[in-house]
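There are two complexes below, and they share chain A, which is joined by chain B in the first and by chain C in the second.
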Partner chain A sequence: MSAQLEISNLHKRFGGLVAVKSVSFDLKPGEVVGLLGPNGSGKTTVMNMISGALPCDGGSVRVGGKDVTALKPHKVSKHGVARTFQLVRPLPTLTVGENVLLSVAYSRKPKWGRAAQAIVDEKLEFVGLAGRGDEKVTNLNYIDQKRMEMARALAAEPEILLLDEWLAGLNPSELRIGIDLVQHLQGQGMTILLVEHIMEAVRALCSRCIVMSAGEKIAEGPSAEVLQDPVVIKAYLGDDHA
Partner chain B sequence: MKTSIAFALAFTALALLAVAPLILPEYWTGVLLGMTGYVTLATAWALFSGPTRYVSLATVAFFGVGAYTVAVLNEVLPYPLVLLCAAGIGMIMALVVGLSTLRLAGVYFVIFTFGLAELVRQTVSWWEVNVTYTMGRYVFLPFEGHHIYWQLLALAAITFLIAWAIGRSRIGLALKALGDDETVAAHAGIDVTRIKLFLFVVSSTIITLVGAIQAPRWTYIEPSIVFNPTVSFMTLIMALLGGAMRLWGPLVGAVPLFLLFEWLSGRFPDHFSIILGALFILIVFVMPNGVLAKIDDLRKGRQS
Partner chain C sequence: MSQSHVAQTAPNRAPLYFGMMAVLIIAVGFLQSWNSALFILNMGLISAIMALGVNLQWGFAGLFNVGVMGFVALGGLAVVLISTSPVGEAWQAGGLRVLFGLAIGVATIVGGIVFWAMLRGNKYRALFIAAWLIAGFFIFRAVFDPAVAAIEAVNPAISGNLGGLGLPVLIAWPVGGLFAAGAAWLVAKTALGLRSDYLAIATLGIAEIIIAVLKNEDWLGRGVKNVIGLPRPVPYEIDLQQSEWFIGLMQSIGANPVTASSIFVKLCYAGLFFAVIIILITAMQLALNSPWGRMMRAIRDNEVSSEAMGKNVTGRHLQIFVLGAAICGLAGAMMTTLDGQLTPSSYQPLRFTFLVWVMVIVGGSGNNWGAVLGGLFIWFLWVEVEPIGRFIAEVITSGMADTSALKAVILERTVYVRPLTMGLVLLFVLRFNPRGLLPER
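On to the complex of A and B.
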């Protein structure tokens, strides 16, 4: 099967610092893949280059066979890519429902009015915020803001979902809820790339993992194997533990 | 239902305002004229700068260009065509300025727009002195105060209609979103640059027309009159006082402030700028979101 998301030789420099160095990997349709690595290894930078938030200095990103490398975020989103952000980013002047409505109104199949409202309600219900569309975003607690952000991403009806530490900062019971939600999406056939530090979530969700360290891909393979890999353990914990 | 009542009320108010000059003495027609001008300026300004939070001080650049277009063309073309030319020039200028500056954010945009107003003023002055050898121009159009007032009133009504329609549309939602967080807005699929540019052009065109319509009021025009930066500051402060994020905010701010300024400039012509500055600071400190938001807050505070 052809790749849903195809990344080859991705490169990014910030001044003298090489943040991402020829990183390549593919995601097949319906796959949930973990993108791991210590802090500062370039995971979020890769996410940003896929979504168009950052221009690449080299390499290419292909979505469903189409080149989206040089495209701006609003164009990339039209190719069916949606994302959440490392630090949750609600839009405070909009209500919870309007936050989600925004994605519906500017998706590939834009809707407005009643039809749009139906999708908003459906997505809010899916993430567990049914009936809370009129609330202010600032009144939501942390997990609910994360839920809302997920609903906003899903409202664009994407094929690829980029989750940047979406599960970080949740307590154990919230984490369970979060994992269930992602598993539910997995069941619907969504292709998901997941930047995550919580190993419990990675083991539960990802069939495959890619590990980065200092801007380079150092390992790739089935989750269980990759997490045992001495190179990976060394990158996270240092030489003594390998 | 609520909307139709609001429309009926707005229409009644508009009709009353339209017949006012037939009843009121000449002086008050002049006051209404100035007030309508500023209500339109502040509403048009808030159309773009309110939700996007791009504080523009270029108001007077467009306003002055509108006035000057009329001054230059009033003897050459019939009046409606002159207005059309003014709108066109304002639109093109807004497109050029927008394309080159809307990537600037925050304070850089503020400074640029302030600089732009000065640049336009200096350029026009230089042109008049060195190329056309005139420093002032006369506008002879057969208009009395109430004619100009009616035109402004019509423009104000159109501006409110545009603002209302945008506020209910997808574009209004996108504007609020990009004022909050451009990155998130872009990832939701919004072409951020295009929407900002569109709104900037609409807003600037209206501002240009206000300048054009008001031009006959002065009879004699020179750059220091129609490019007076006080116009930019007054517009800004009026919109902020009422609340730039709301449809009626700029109106609520413009009416009392215009009357106050009118009174102050008569009473304390020498200290006017000082008072203006002090008011500015006071408003920003006490009511950064405007009177309407403040009233809402107070109401909520009492309820809880």
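On to the complex of A and C.
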């Protein structure tokens, strides 16, 4: 099967700092893959380059076989890539429903009026915000804002979903719900790249993991194996634990 | 629950403020004259339209346009080019040659852009382009300069320009919008997508360039020799004063036909301006509450997440910048029509850029009604504070001897009351209503 998302030799510099150093990996259709690594290892930067939010300094990104490397974010999104943000980015002057509606109107598969509203309601219900579409976004708590971002990403009906620490900050019962939600998407055949620090979630969701450290890919493989890899443990915990 | 809370903190003050504005203007009518009141109203309406244009760019998209003056002036130029009669002799003397010269100029620039792309990787690229541009410039001047000289030599005291198309002046209003839109498109194409301060610098520059062209290219709009006596969309006072129905009407209500004719003309203008402002504000309110407007608000809220949702931020910015400039151009054409003359030297950044910005900020950026209110209110102050200031100064100094140095100083300083008041109003509004008199929501 051909890759749904294919990145090769991705490079990014911020001034003198090399944030991402020739990172390559593939996602097959329907795969849920974890992107792990200690803080500052370049995970968010990789996601930003996939979604087009940051231009690449080298390498390429292909979505469904098409080269999207040099495209602006709005064009990449039209190739079926949607994302959430590590630091939520709601649109404060719009209501919760309008935030989601925005993904539907003027999108890859635009819908208007009733049809659009139906999708908004469906996605809000899916993430557990049923009936809260008329509230102001600023009234939502952090977790609900994250839910809203997920609904917003899903409303674009993407094929690839980039989740940047979407589960971070949840309490244990919320975490359970969050994991179920992602599993549900997995069941629908969504391709998901998941940046996550919560190992419980990674074990439950990802068949495969990619680990980065200091901008480089240091390991890749089935989650159980990768998480035991001494190189990975060393990267996370320092030399003593290896 | 949340919504009722918001409603409590922000009652709709628009009717109150507009009512107060009406009272102010009517007071001028009773205390000074109805001619003054209508003068304030008409220019206030035009200012309100300029403020609507800037508000579209700044309030709804966060685009910083400091070249309002240039777009307004282009609207004024449109009035000359559309409504004055063509000067046949000047066209014969060099009309086509001037156009040909301009075509050469454009071809030089377009050719430069095309070759720059074609010669990518060629090590002589810069050299070739430089030679191309220099050669193009000299050919352009060789064709253009004699043509201009020939046109400007035709009857310089009353024309010396090509004239216009001789069409009804109302056509110049949308055309003024188109002119401004064209200039805005050029600016936006180069400066949008860069950091936002570049847009500010580019608009500042283009406005000065437009004014410089208007002042110096006599063949186009007579430069600083001004174009006066532009055709009107409304009757002339003198015709009214001689028409039987008007005299009869005025006698029946016991008014002086001479004063009444000038009031009647101003009322006609006011009617036209009201029509334009109602159309504009209706269209803008509809647009802003449509999916398109929601998208614009989203982009202003957060460009990164809007882009991730597939919104073309640069494209929408281009669109709204051009639209806003077109509204300023429309207002400029209306103003020149009202004035009946184009006087390039009267375009001052303080009057046409700074003041319009004060209108938007005081009115409440992001709110169309706020822009209209700001336009009317600030214009009212602009006109009225000077006589009020002079009156106060005269009262203060009335007891002083005519030779008193203090009296001279005080009276002399009254000219500064205007900018001083603008500054004070801005300070007070920003202090007590930081989001303007009518905040966005």
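Keep in mind that, in the parts below, the second predicted complex is superposed on the first by the 242 of 242 C-alpha atoms of A that agree within 3 Å, B and C clash if a C-alpha of one lies under 4 Å from a C-alpha of the other, contacts with A are read in each partner's own complex, and residues count from 1 in each chain.
Methods note: contacts are C-beta pairs under 8 Å (C-beta built on N, C-alpha and C of every residue); 3 or more make two chains touch, one makes a residue touch a chain.
Because the structure is a prediction, the values reported are computed rather than measured.
**Q** Label the relationship between chain B and chain C on chain A in the superposed model as either fit or clash.
**A** Chain B and chain C clash in the superposed model.
**Q** After the superposition on A, what does A:Lys21 contact: first (chain B), second (chain C), both or neither?
**A** After superposing on A, A:Lys21 lies clear of both chain B and chain C.
**Q** Counting only touches as set out at the top, which of chain B and chain C does A:Lys136 meet: first, second, both, neither?
**A** A:Lys136: touches chain C, not chain B.
**Q** Touching A:Arg62 in the superposition: chain B (first), chain C (second), both, neither?
**A** neither
**Q** Identify the partner contact of A:Lys43: answer first if only chain B is touched, second if only chain C is, both if each is, neither if none is.
**A** Neither chain B nor chain C is touched by A:Lys43.
**Q** Does the superposition put A:Lys217 against chain B (first), chain C (second), both, or neither?
**A** neither
**Q** Tell me the contact category for A:Lys72 with respect to chain B and chain C: first, second, both or neither.
**A** After superposition on chain A, A:Lys72 lies in contact with both partners, chain B and chain C.
**Q** Should A:Arg147 be classified as contacting the first partner (chain B), the second (chain C), both, or neither?
**A** neither
**Q** Can you tell me which of the listed chain C stretches (77-85, 95-103 or 149-157) runs into chain B once everything is aligned on A?
**A** Clashing stretch: 77-85.
**Q** Would you tell me the residues on chain A in contact with chain B in one complex that are also in contact with chain C in the other?
**A** The overlap between the chain B and chain C interfaces on chain A comprises residues 51-53, 72-74, 77-78, 82-83, 85, 89, 91-94, 98, 101-103, 105-108, 112, 152, 156.
**Q** Could you pull out which chain C residues touch chain A in their complex?
**A** Of all residues in chain C, those touching chain A are 2-3, 6, 291, 294-295, 297-298, 300-302, 304-314, 440-441.
**Q** State the interface residues of chain A toward chain C in the complex, per the touch definition above.
**A** Residues 51-53, 72-74, 77-78, 82-83, 85, 89-94, 98-99, 101-103, 105-108, 112, 134-136, 139, 152, 156.
**Q** Once bound in the complex, which stretches of chain B touch chain A?
**A** So the residues of chain B touching chain A come out as 51, 169-170, 173-174, 176-177, 179-181, 183-192, 245.
**Q** For the complex, give me every residue of chain A touching chain B.
**A** So the residues of chain A in touch with chain B come to 51-53, 72-74, 77-78, 82-83, 85, 89, 91-94, 98, 101-103, 105-108, 110, 112, 152, 156.
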